[in-house]
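Two complexes, one shared chain (chain A), two partners (chain B, chain C).
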Partner chain A sequence: MNTMLTKWTAGAAAALVLTGGAVFAADKTLDIGVSDALTGGAAVYGLPQANAVKMAAAEINAAGGIAVGGDTYMLNVIAYDDKANPTEASNAVRKLIDRDGVKFILGFCCSGATGAVASFIENEDAVMLVGNAAERSITTREIPNLVRTRPPADYTGAAAGTFVADKGHKRVAVLGALDVGFYASYVDAFEVELNKAGGEIISREAFSLKDRDMSPQLTKIREQQPDAILVVGYVEPAAFVYRQAVELGIDVPRYGFTSGSEEQFLRVASSEQMEGVWDLRPTELTLLSASDNGIAYHKNYSDTYGIAPSPSSPYAYDQTYALKDAIEAAGTVDDTQAVAAALRELAVPDEVVMQYLPVDGTMFDVNGQAYTSNGAFQWQSGNWVFVQDLPSDAAAYSAFLSTID
Partner chain B sequence: MIEILQQIVNGVAIGGVYVLIALGLTTVFGILGIAHFAHGSVSMFGGYLTFFLVSGMGFPLLLAILVALLTGLVIGMAIEFLAYRPVRNANHINAFIVALGLTMMVEGLNLEFFGHEQVVIPTDLGRVFNIGGVTLPELRLYVILAAALLILAMTIFVEKTKTGQAIRAVAENRDAAILMGVNVNTIPLVVFAISTALGVCAGVMVGSLFAIAPGIGEGLVVKGFAVLILGGLGSIPGAVVGGLVLGITEALAAGFISSAYKDVIAFVVMITVLLVRPQGLMGKA
Partner chain C sequence: MKPGLKLLVAGAALAFFVALPQLITVKYYLHLSVLALVWVIAAQGQNLIQGYTGYVSIVQAGFMGIGAYSTALMGLHFDLPVWLTILLAPCVTAIFALATGYPSLRVKGHYFAIVTLAFNMVIFIVLMNFHQLTQGEAGITGIPKPGSRDGWINFRDREVYYYFVLIVAVAMTALAWLIVRSRVGQTLMSIRQNEDLVGAIGIAAWKYKLFAFVVSAMFAGLAGALYAHYQSFINPEIFGVAQSLDAILAVIVGGSGTIAGPVIGAFVVVFLPEYLRFADSFRLILYGLLLVLATIFMPRGIVGTLAVVWSKLERRG
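For the complex of A and B:
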């Protein structure tokens, strides 16, 4: 009888501890913020990023949350639409910090909006994790509480210039969103490498985010008889460039820097019109090049949202896991300086999707910048197919980045 | 030379869209004196509806356009009857405010019904014709032909039919038209129906040539008013000439000066024309 009672008591106590533990864990919630373009022209990048953060948070919660000391925190994502607009982004981040009490802010697809927030985040008790925004200056300001998962545009532009020069093209026409700093810096770095090989950029034509009729610029380019075209810009206008180039009978290789998914391009151009187009970009997610994590990410995202993820969306997914590991390493959710410092010391988390190139063994270098390899992708029969790696010397670029004020 | 011709062809296609938008605006303004700002948003509604019918319901393109056109006719009459008629005899500022409110309302409805994503109306018109070095995509050719046909139909309707004569009579002298037995309550309904139908056609053209997305209608209506002023307020030939001038100027400016400033250059041309002819290209002094 006593034995039975002892067993029952022990079982009951164990159940109480487990149940109590579960209740205790459920009581701890950590709000994390997302500021991103959920609507408007840049939503093709921002919305998938916000979705990716939510998905990663759900996965982390399902796996037991974030362990800090004896506590376990479940993540709650508060997302605001910054429309890729600097003013809206500043307001969204102020709202997250001042009203919602958020200390960790993720997302940030676009450079203008991100730059605006970066200009004041250093003075805030918060940590900013930047995703797809590629403007170089974001990580040249030595902001201790800011890190970025995407490499700067010129890191990739130089690699792209070498690749195009190796293809034997001497006269390249550029058409792009050249009033956007990071696209311009991509082209500048591209041009340096092209010039080294004896090539040149014969024209630089611009389009804006809202432009859809590219035929005047393409007509001008057609008359210049380039060996190749380089298109740098947001997915939607870029897709119109590819489509209208075919309509105008321009039959030269088309290279680009867009990071759009197949689905995004096919909303505008047919697969036949896209055939053969190159995208020279960081080695982002594509189904055919992805790691096991990438394949799982693609499937989970598609199942959750009913649409394929954009190639750049894992930058935000990876932010979330980097944050989780940094919080656990720092052992605090309150001391943002400790978490920011832990991010700088962080090894690449096991769960990330992108293929990062650690610098001195850490995911983020001293500037808070992470690096992926660069890759050449080509549109083949309706899909982006990974063709080859592009030169990607993360350590050398990191040293260069440290020299810039 | 080929480049100039190509740019002109490029400009004619987009100019055709401007003409249709401006025709709708100019008839409303000419008859009723209303600056119908919601015209662009209603046009986009027509484009969205066509996209929905084709992509969501599997309608053939022509049937979808027909349904969108008929819907446009009804919406046009509803707008006149419910929004503008109550303020017809009030101060002009009332109609102005109604127009602004209507714009926000229709934009909001577009967002609610069709979402914020950019959509492109799918067509099977993928061939490209090459005429002496000038390329003409099949879709652009159909847009140019359709715009020309609609302009012709509109002209015949206004010039040759009894209703058209009544519309012109009301535009020239409303009181005299009443004395001549013209039903001045019916004419605005007809004008809004036609105007909206033309706008729907423009929306379909924009949606198939380029894309429909929130905000595009507002940009289009600004261009429409620019054409209206350039061609001459209330003038149908003025809308035609003004639309083509604006479209071709934009294309030539982007091709030969700078693509970054094509809108600026087009508006500079417009202002220059108005300095010389304040009444517009075809307006009456």
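For the complex of A and C:
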């Protein structure tokens, strides 16, 4: 009896040791926060970003978590809606830091809300990873605990201007959300390059996020007989512009800067109305241009959420892997300064979806800014098709960014 | 409620607000309390024109924006001390309020509300599009806090800023109380009851209405300035029509035409949406539903309902 009991006890102890290790590993949880527009007009960008972070976290957990020293951390995502509103974003981030004890905050699709958080994050014991928000000033202050995966809008605007000028267009009419800072900066950089080639912007017509009838602006543009039109703005109003341009018989090349997916455009315009439209933007996710990582991301996202990912959503997915590598390199989940410093030294992780252009071998430059290549995408038979790279000198732009106060 | 008891309740409320930072264990709630106190100032202003004068103004957030941008721009461009720009911000707002109030107050009722709504939209559009001055949607960052980093009071500390805003909020609430108790305040309430009768006995009602509108705007301008220096960032998004509706809600939910009402209402407007975050995307639906129910079942607001309950208890006792 005693022998039997001893065997059972020894077996139970061995089982405890074996399973105990697993229990301890599973017990270590690292909360990461997401502040993004989960509702409202900007949710077309914010919600896919939040989904992308959750998906990346699930993948990391499934692959064994984040190894720090002898510990393994499983990620737990806490996501709050900031409605792309500065006050809401401040409240959401304060809640994440102060109440939930989160030290790593991701997401941030929109510039106004991001700017509000960026204004105080330097004083917090936290690291902020910005995604789709494209306003340049977010990374001009060299905030040590802030990095951004998306390049600023004017970096892409300059490349777009060169591309359109190379197409031989001299008179370009602009229609866009010009009261939004980063769209305006895209157009300004576009104009500089267009002017260099002897072209000019003949008119700047504006629409707001909630506008749906663009016929007054388009009628005016039609009378000016431009060589091409440039549309900059959120997906839905931009889709209305493309649709109504066709309805008004405007038969000139249409260029844009929208980063919308096929599904998002097809909610408003037909594929025939979209045919031939160019989107000049960072080389974001489109199925036909994607790398193996991009194809896998597209499939996993579609399977998980039952909808195709938006082209800009991988900015948030890539943040999560960058954070994982930085934590592992720093060897700590508590010392945010060490993790922030590790992010600045980080090589581009293998798992990322976007095609980053490292500066001095690192994913983020001294400003905390990452750069992707820029690309010309054209709508062909219902899909965004990658046609060619746009000129993208990340090192030169990085040096320029460092000169801005 | 007897005056002595009212004083006792006010004293207890003040003691509670003074002790609040010590009671709060999570600093996030201190952050919300600072925002709520800023809204107390704006709502007290709103109450003067809406609650006591009977004119629903939908431009309070616009005036907060003017105050916020005034203090930020005066500091950035003229290098004026923060204390001075905070004091000047309500004055700048008053000038705008005079210019907008004079034509607005020529109409009454719904028309007045619509005209002020239009002014808020104009302010928003100007803030959004006057890039050279306001930096548009990108906003203004790095707005300094009062005092220096090495000063004997560190306003970068949230608790210190809380007490600073609390002092201002108490002072502005006291000022609102003094106005209401004065002859001017009595005239404002007379206008709310019967403006034609006020005119018939020889009182120039428009002067009093303009006074209420301008003072209300000055409260908002001061609130905007305090907000700007607390957040260190402003952009036009914060000063839109939706936020003006929040100011109206704060007055209605708290208790229109009472001094305590805007205090309670401001805390409800700031804290309730945050408490409802657990509801995710249903948060705003739930928020709206709660406010609709509160308005239906408590038309006199929280303070009014409590007063009714209290008087019933007194009669029974």
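Annotations
Going forward, the second predicted complex is superposed on the first by the 387 of 405 C-alpha atoms of A that agree within 3 Å, B and C clash if a C-alpha of one lies under 4 Å from a C-alpha of the other, contacts with A are read in each partner's own complex, and residues count from 1 in each chain.
In the analysis below, a contact is a pair of C-beta atoms (placed from the backbone, for glycine too) under 8 Å apart; a residue touches a chain by one contact, two chains touch by 3 or more.
Remember, it's a predicted structure, so these values are computed and weren't measured experimentally.
Look at A:E205: by the touch rule set out above, it reaches chain B but stays clear of chain C.
Of the two partner chains placed by the overlay, only chain B lies in contact with A:V268; chain C stays clear of it. Look at A:D318: by the touch rule set out above, it reaches neither chain B nor chain C.
Once the two complexes are overlaid on the shared chain, A:N123 sits against chain C while remaining clear of chain B. In the overlay built on the shared chain, the residue A:A184 is in contact with chain C alone; chain B does not reach it.
When the shared chain is aligned, no partner comes close enough to touch A:D365: not chain B, not chain C. Of the two partner chains placed by superposition, only chain C is touched by A:G112; chain B is not.
Once the two complexes are laid over each other on the shared chain, residue contacts for A:D82 go to neither chain B nor chain C.
When the shared chain is aligned, no partner comes close enough to touch A:E351: not chain B, not chain C. Comparing the two interfaces of chain A, the one with chain B and the one with chain C have residues 39, 179 in common. Across the complex, chain C meets chain A through its residues 26-29, 31-32, 35, 125, 128-129, 131, 135-139, 141-143, 156, 231-235, 237-238, 274, 277, 280-281, 283-284.
Only residues 39-41, 43, 178-179, 205-208, 210, 212-213, 215-217, 219-220, 222-223, 236, 240, 246-249, 267-268, 270, 272-273 of chain A touch chain B when the two sit together in their complex.
Those residues of chain A that touch chain C in the complex are listed here as 38-39, 80-81, 84-87, 90-91, 94-95, 97-99, 111-112, 115-116, 118-120, 123, 135, 137, 141, 179-182, 184. Taken in their complex, chain B has these residues touching chain A: 2-3, 6-7, 10-11, 14, 116-120, 126, 128, 130, 135, 137, 140, 209-211, 213-216, 219, 250-256, 258-260, 262.
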